[in-house]
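See the structures that follow.
Next come two complexes, and both contain chain A; in the first it sits with chain B, in the second with chain C.
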Partner chain A sequence: MESRTHPLDRALPRVPRDISLSTYALLFSEVVRYTTNRVNSVPELEQKLAVIGRRVGVRLVEVMAMRDRTSRRRIKIHDVLAFLQTNLWRTLFGKPADLLEQVTSDVCSYMLSDHDMLVNKFISISKEYGDLNCAAFVGGIVEAAVDGMGFPAEVAAHTVEGKGTTLLIKFDHTKIPQEAL
Partner chain B sequence: MARREVKRVNGELFTMTYGALVAQLLEDYESDDEVNKQLDKMGYNIGVRMVDDFIANTNTERCGSFKETCTTLAKEGFRMFLGVTATISNWTADDKECTLTIDDNPLVAFVELPDEHRELNYCNMYCGAIRGALELLQYRTRVTMTKDVLKGDKDTQLTITLLEVLDDVPPPED
Partner chain C sequence: MMSLRSAADTEFCAPVAKQQQQQQRPKTTAASTTTTMGIYSVYVINKAGSLLFSGDYAPIPSMDANSRLRLAGLLHGLTTFAGKLSPVDDQSGIEEIEGDGFRLERFQPLSGMQFVVLCDTQQGPLKPFLRKCHRLYADFVLKNPFYSIDMPIRCELFDTHLKAAVEEINRS
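== the complex of A and B ==
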């Protein structure tokens, strides 16, 4: 590390630069291909993708927090969800997520849907992979994000007819204080 | 999708996804050397596809020589796919070997190489990608990382060596 400044000593660019979508798509498909070759089942594959997503999520949310001038803490579950739908999605995909719904009868379960999930656009899923949804990776990002905000949740990606990809976010009942609801 | 309209995504998402992939590889393989190999392999798969994408989206004239091909790859290829430019220099007298320098390497933005991974070529995917791209253009090459910002060098440098010009063989059914 002789001549190079430490990453933490360098200023964070105010606006992250862009990169070609094809480059990202190609990288992501290599991630999926590599992971596919190392697992035996679809759930295991989704789990592995989520682990990789989580690594991205922790870091991404940290840079977002540094850029956030409002420095407001989100202590209500609805603020957290709004953050996911708007801020996180804009950072990730340049647009808000299409739909946010509460699962009827459960105040701790929500569905966040995107009609046109970026990471799924370039992945075609052959029959033997059945209900695989590579947005499990995005699920991992979301999981890391909410965990960092003190709202731990389990996130699963599903393909839903008419809604595209839906992330089912199940917050941990035992860890969410009553007043956050 | 309209042609030539290059859609873009957040570069930090890209940088971090790459980092997460390298982290995964380090977990899965025992030696840095093996990780370097995997990164090179993945890069190769990507490079092969990039050539198609590049030709479909630009009006580049056919490059007449290896030298010209490398220059186009460095200048236009890097700009199109990574938003940065690379420069080619140090051609040997027989025009078979050159150095490619990446000025502002987007992959290393948040990276610090831990001491126990001194053998890791973090950006080795570049080597594979360039090798893949050139191979599709009939040039069999060897691409190696010679300078690495993560190991204290001033910039990222790769050496491209031309090994063989492959024959343009049409597919058997033609």
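== the complex of A and C ==
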């Protein structure tokens, strides 16, 4: 019989292999279905998905910090955002996010857009779910990741015409030092 | 594989029946005989014989929902019957029906789902297209958390991808 190493026995620095998109999509679909059956409203559903995402994000940012050979701390807000757009997105989806913009009126609000969000690839939202976007799950991952890096923020997922899915990242004014901006 | 060819077939597939078209709108019939239209309609039927999806992709006389449901059930019954008729151990049932003005191709993967396409007689084999329909169903319907199994398919992404697949065939 083929000997298999348990994922937990594998060395952490090793970069994980790609996994099947179909399996991932079916699993995510089941997560959404499970959550849908346990909530009463669309905002509640998004919130629950975000909570599940946060549990992923907390672990992800830790393992990424361990794998990061430069061991550099990101203390500027733009470094954190660049980390999200490239490193985090590449680890999660194998490609950087398409667009990173600052909300003009606010130095602490940013928009991270992806035309082709992987989790939404096979999901059609019917009318009764209104403006639900299942990328709330990814929003939760991002929220936990920035929190782990010391930049607490609120993240909301929106569907934007022409841009695909946009994550609105609102950093907490009060907890971000002036020097980090 | 079974190939049926008879005048009665035109009754079975009313949307493309030649005689009916001549009676109702002679002009469109003249147009459809000169230019090929490729794929007329696509149907998805579940293993119990109920219609989950139907779409028309050519200007053909439309049919009401009840007739579509009835025809899907009838086709399912016929194909079970055809499988039973077969003297050798072959449960594949009807794979193709050819009429004077149209052809019907049917594909049934192991899951028992049935994918049916209606096209004009000049159209080449559509087996690869039906396999693609099956793939689109597996992707955009079954991986959609808001779809419950054996219910009518109302998934926007499935509609758009299927439409693109049909248009690709109709253009070539």
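Here are some notes:
Simple rule for what comes next: the second predicted complex is superposed on the first by the 170 of 181 C-alpha atoms of A that agree within 3 Å, B and C clash if a C-alpha of one lies under 4 Å from a C-alpha of the other, contacts with A are read in each partner's own complex, and residues count from 1 in each chain.
Definition applied: contacts are C-beta pairs under 8 Å (C-beta built on N, C-alpha and C of every residue); 3 or more make two chains touch, one makes a residue touch a chain.
The model shown is predicted, which means the values in this text are computed figures rather than measured ones.
Put chain B and chain C next to each other and count what each touches on chain A; the higher total goes to B. In the superposed model, A:Val32 makes contact with chain C only, not with chain B. Applying the stated contact rule after C-alpha superposition, one finds that A:Phe93 touches chain B and leaves chain C untouched.
In the superposed model, A:Thr159 makes contact with neither chain B nor chain C.
By the touch criterion defined above, A:Val63 lies against chain B but remains apart from chain C after alignment on the C-alpha atoms of chain A. In the superposed pair of complexes, A:Val51 makes contact with chain B only, with no contact to chain C. In the superposition on chain A, A:Thr23 contacts chain B only, with no contact to chain C. By the document's definition of touching, neither partner reaches A:Gln102: not chain B, not chain C. Look at A:Ile125: by the touch rule set out above, it reaches chain C but stays clear of chain B.
On chain A, the surface patch touched by chain B in one complex and by chain C in the other comprises residues 22, 26, 28, 30-31, 33. Across the complex, chain A meets chain C through its residues 22, 25-26, 28-33, 36, 122-126, 129, 134. Touching chain A in their complex are the following residues of chain C: 139-140, 142-146, 154-158. The residues of chain A lying in touch with chain B in their complex are 1-4, 6-7, 16-24, 26-28, 30-31, 33-35, 38, 48, 51-53, 55-56, 59-60, 63, 91-94, 118.
By the touch criterion given at the top, residues 6-14, 16-21, 23-25, 28, 38, 42, 45-46, 49-50, 53, 80-83, 106, 109-112, 149-150, 152-154 of chain B touch chain A in their complex.
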